[in-house]
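Chain lettering (A, B, C and D) follows the sequence in which the chains are written, and residue indices restart at 1 in each chain.
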Amino acid sequence: MVTDFPYPRLGRHALDLMRLIREFESRLAGYAAAGLIRGSTHPGVGMEAVAVGVAIALRTDDTIASTHRGHAHCLAKGAEPGRLLAEIFGRSDGYCGGKGGSMHAGVAPHGILGTNGIVGASIGVATGAALAAQLRGQDNVSVAFFGDGAINQGIFHESLNLAAIWSLPVIYVCENNQYAQSAALRDMVANPDLTARANAYGIPTHAVDGMDVAAVYRAAASAVGRARTGQGPTLLVADTYRFLGHMVGDTEIYRDSAEVDRWRARDPIPRLTAELVERGLMGPDAVETVERAATQLVDQAEEFARRSAAPPVATAYLDVYQPDVHQEAR
Amino acid sequence: MVTDFPYPRLGRHALDLMRLIREFESRLAGYAAAGLIRGSTHPGVGMEAVAVGVAIALRTDDTIASTHRGHAHCLAKGAEPGRLLAEIFGRSDGYCGGKGGSMHAGVAPHGILGTNGIVGASIGVATGAALAAQLRGQDNVSVAFFGDGAINQGIFHESLNLAAIWSLPVIYVCENNQYAQSAALRDMVANPDLTARANAYGIPTHAVDGMDVAAVYRAAASAVGRARTGQGPTLLVADTYRFLGHMVGDTEIYRDSAEVDRWRARDPIPRLTAELVERGLMGPDAVETVERAATQLVDQAEEFARRSAAPPVATAYLDVYQPDVHQEAR
Amino acid sequence: MTEHLAIWRALNAALRDALAADDRVFVMGEDLTKWATGGGIYGVTKRLADEFGTHRIRDTPISEEAIVAAGVGAAIQGCRPVVEIMYSDFSLLAMDPIVNQAAKTRYMFNGQFQVPLVIRSNGGSGIGKAAQHSQSLETLFAHIPGLEVVLPATPDDAYGLLRTAIQSPNPTIFLEHKALYNVRGPVRREPVPFGKARVACEGSDLTIVATQLMLHRALAVAARAAETGVYLEVIDPRTLYPLDLDTIARSVAKTRRLLIAHEAPRDFGFGAEIAASLTEQCWDHLDAAPVRVAGARTPIPYAEELEREVIPDEDDLVRAIAQLVPTSAGIRTSQS
Amino acid sequence: MTEHLAIWRALNAALRDALAADDRVFVMGEDLTKWATGGGIYGVTKRLADEFGTHRIRDTPISEEAIVAAGVGAAIQGCRPVVEIMYSDFSLLAMDPIVNQAAKTRYMFNGQFQVPLVIRSNGGSGIGKAAQHSQSLETLFAHIPGLEVVLPATPDDAYGLLRTAIQSPNPTIFLEHKALYNVRGPVRREPVPFGKARVACEGSDLTIVATQLMLHRALAVAARAAETGVYLEVIDPRTLYPLDLDTIARSVAKTRRLLIAHEAPRDFGFGAEIAASLTEQCWDHLDAAPVRVAGARTPIPYAEELEREVIPDEDDLVRAIAQLVPTSAGIRTSQS
């Protein structure tokens, strides 16, 4: 177990990333209202510490497989806000040329194997990416992000077992935000201790405070260390919360605002800020600098995304197959 | 937990059933060689105590969902050997008119919801049968039989979680015969204690000696009692062994004969016999009576099955839908 | 007086009436009782839990395979489960219980068991849900012996076909269309039989067979065509299996031309079955080869411009009609 | 001298050659190394573990969904996985990774990732494996944009198409036929391109398009027909996607008649696509409607008499041919 968070080296970086994500995600409802976003959009406001705590423990060539609620993972792993937002807007400068959107955004050079519209699917894909690393003798590791809802999918079970018997370099990161859409975790499992599931497979596991980026980082770095040195998979269960609805438009009738407030009081951003200030790594005035930087980055991203052209319709027929000749074969 | 096996009431019955199953299953290779059986046939020789120990804890209106290795479950639950064998021979007097065969034999009046060709599928079907009992306010219980191979299927995971949160009256009986086809359990799981999987879902569980029909019965009766009184599901893991190959034709290159011999020394039939003799519930001479009765029953079954006619070809088109009018609609 | 309802509400009414009529009926699926709509992703189960309790309107974990498998087991044991799969794309996670269990149980066991299971879900594109929430998978199910496949396009059919599906002793795949939930129309509250196509618009110049979104587009085009003296007969098969080929054949005998429109990819799609069957049955009546207008061989892309491109629109229909009926050149395209 | 091999052995050779040629290739599936055949349920991986190690020939738990999903992830990350699914019926457990992930990954991410995954399995009936081990599911896959679908029928094609599948950058569903593994024939050890049909027998009176078991039956009938002066042209498309319609169209232009034979249920089966496409392309050349001879709309029953009944045999082909080619009345049936 990595014993402490390297505040001097990573603290400010983590804060900047969390603030960027917060700003980015907070604007999505407005963009949707303005007609800039179609379909479903799932913001991760409140959950920034999990994405960031894990991502900063990774190298660029380590991979992540993400979920429907994946913007934070992408940004933390190095995606440019502008190109990500352009994808969410369905524009030609989006990472996927507008074909994927929020639920299918991938960034190959940053090892972002994609957000995913199928709850649980990230778990299987990440397991396979870890298998590739093992087979090819590479020391990069693979991360699967998924929610507390996804743990009840068969793929969770099958994949963790596979990773266990093959000692695959994969870290399973369960973002337990207490709800799967409208379903409270307490109603959907009889044993709310999700780490018990890892024991079933003989996989090491840690429960971690998902509102504390330092705690997440420590657990992740330790799991990454194990994976990188051939010691196999780990399941991390990060307790967290989404401050907003499940998706843009959710009226949240399944939970009361007192509960939301209790969790908001544990907001990971002020917590890290206070820690950095206390440690003298940041002046109190820098708080505003951090916020301004985030605002500016997302302003720029928005401008970039808004200006980006609609994708040419001919691209709709490309990249179904490679080469695109099969289209002609028919 | 039921404290003891009711030897006087059930001992001889259990022995008769186990002997019947042993005789029935032992003949299948011969029938296959004689061209009487097509496709795959999976005998359960050695595993009789699990089928019988569970079945005698059940009522007729309790249901079982079984596997590819399911003849023993069917016979223990009350199927007539003749009609079951006729099904395995693909004859018109078979329980399914020859349409199902060994892997798809069901007997509605005895609550036998069918053997199944999909590893793991019994688990899901049995969970649904339990849900029906709960919804309809009936006190019958449902049993899923499945192997150590099936526990790595997603349906195991999803179903046990569902049964746990809904407190369904279902008993999950894992027949851990140490192998899934050629795959040794030790290679396919990192934690060989399969009961740990129940803890993940908050389901009570018992490991039981599957070569001891009394032990199986006690565990099953206790689980049935819980299920029948609304206390929810149980996972039983019965350690057992198949004395023969995975299916007729298996050359068993994946295990050595010393291992087989070690398990054969734990044969559940002599064990129960000795127990009954020791308790004065059976004379030593009755051993032969039991054997003869089994031989005779299977002789009769064979005669019945051999004499049964091939199914009329017109039946191939029936019972795809009810009424069969859809066939005409096209 | 006949009620006018949106499709989602007609479905809601059908569920309510079925739940009230038969206590073996129950509903299960994800987010049925506490979601923002008041009932399921598109509101179809709204308020049903208030009336029938969470015992019969059951919120499930995200476990599509187990939910459908539990539906199969419950159906075998005498219940009439209605399982909601949030998007039909997720039914791919439940193909074993659907195809290997539900569809085959009656047959394998020679009629000893029946599986009166309904799987309700939605397919179709058009609202930016992208590749994993927009597929039209009906052909997959129609190809499987043992399954019934229903594609309602109007409120009255939504109500009537759902009642029939719940009464059916066979497993039924009931695929709503996500872009049509708010289409309003009269609802008679009568069961609609399976295997009877509906002639949605009579005409003499061309037979168009179309389902769901394509039906509505075809009807719009037919209305404009009539202005120019071209009369299109538009037929909604309503159920892909059982499939009412006779009604289509009768129409083709009259019009001598056939066009099939669907949203699923054309390749190996259900339009091929209709074209092939009708060609066999109506060879001597056809003046031209049946034409299919259908989805491109692509996943559904996210961006609006791209999504529109890969799904047939009214102009695609007009062009195909022009190819089959030379006198139809005057039909206005949607832009004009 | 060209080798003569059984199909299973040709596949084994293709795997061996692919493993030797490219160290990104690996194989995984259930019972690949320790089963009685020496390699997989029908022996296809025999001895490969001795040569390439259990690192590259991997026995997996019974977890079809995770195995295929792991194949997808490994393919994205630069491996060339060949996943064996013991029977194609079990691929229904892996439809999410196949359809929602593998087939769509390249497209959704705009070409950033590719999924050079091969899923090998077997379909078909004929040996008493009953309803859950005998399905012919190729049409399901052919309907999904993004997938390639291969149906080898001869040892040479088995070898050559498998080499091509492993080299393909796209996800490929490679469906062997369980009743043909022991069919022997010459093997050139050359890749066979996708999308090129093979004219297995030239003729002038009727075009028969047939795959796998039906191909062999059609060839047997064609041989007998030739004795009576009726010449059947038999075409094996070999890949359903990409589908070589041109070769079929050229043949139909010559024969003016088309029969399609497959083992999968006729309803909504791939024969409908071939019939519909060819009718469109060859309307002016066809003297009769294309006819399909295919499986009944039933699950596959266990008993021999029943299983034979629901799958087309040579006599069914002879009868259909007689319908299309009146001069063919003299072809012997298999009994005569």
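Here is the rule we use: a contact is a pair of C-beta atoms (placed from the backbone, for glycine too) under 8 Å apart; a residue touches a chain by one contact, two chains touch by 3 or more.
Everything numeric in this text was worked out from a predicted model, so none of it was measured.
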| item | value |
| --- | --- |
| Far-end chain from chain D, centres as C-alpha averages | A |
| Intercentroid distance (Cα basis), chain D paired with chain B, Å | 36 |
| Centroid spacing, where centroids are CA-atom means, of chain A and chain D in whole angstrom | 40 |
| Shared-contact residues (touching 2 or more other chains) in chain D | 61, 63, 65-66, 89, 93, 96, 100, 104, 107-108, 130-132, 145-146, 241, 243, 267, 296-299, 301 |
| Shared interface positions of chain A, touching two or more other chains | 96, 99-100, 104, 116-118, 152-155, 158, 161, 165, 187-189, 315, 320, 330 |
| Overall pattern in which the protein chains touch one another (line/ring/star/complete/other) | complete |
| Complex interface listing, chain D residues touching chain B | 30-31, 33-36, 38, 59, 61-66, 89-90, 93, 127-133, 267, 296-299, 301-306, 309-310 |
| Residues of chain B that touch chain D when the two form their complex | 37-40, 90-91, 96, 98-101, 103-104, 116-120, 149-150, 152-154, 180-183, 187-189, 245, 249-254, 310-311, 313, 315-317, 320, 327, 330 |
| Complex interface listing, chain C residues touching chain D | 65, 89, 92-93, 95-96, 99-100, 103-104, 107-108, 130-132, 139-140, 142-146, 240-241, 243, 264-265, 267-273, 275-277, 279-280, 283, 288-292, 296-299, 301 |
| Partner chain C, residues of chain B touching it in the complex | 63, 65, 95-97, 99-100, 104, 106-108, 113-114, 116-118, 121, 123-133, 135-136, 142, 154-155, 158-159, 161-162, 165-166, 315, 318-322, 326, 329-330 |
| Footprint of chain B on chain C - complex, ascending | 24, 26, 55-56, 58, 60-61, 63, 65-79, 81, 96-97, 100-101, 104-114, 145-146, 148, 169-170, 194-195, 241-245 |
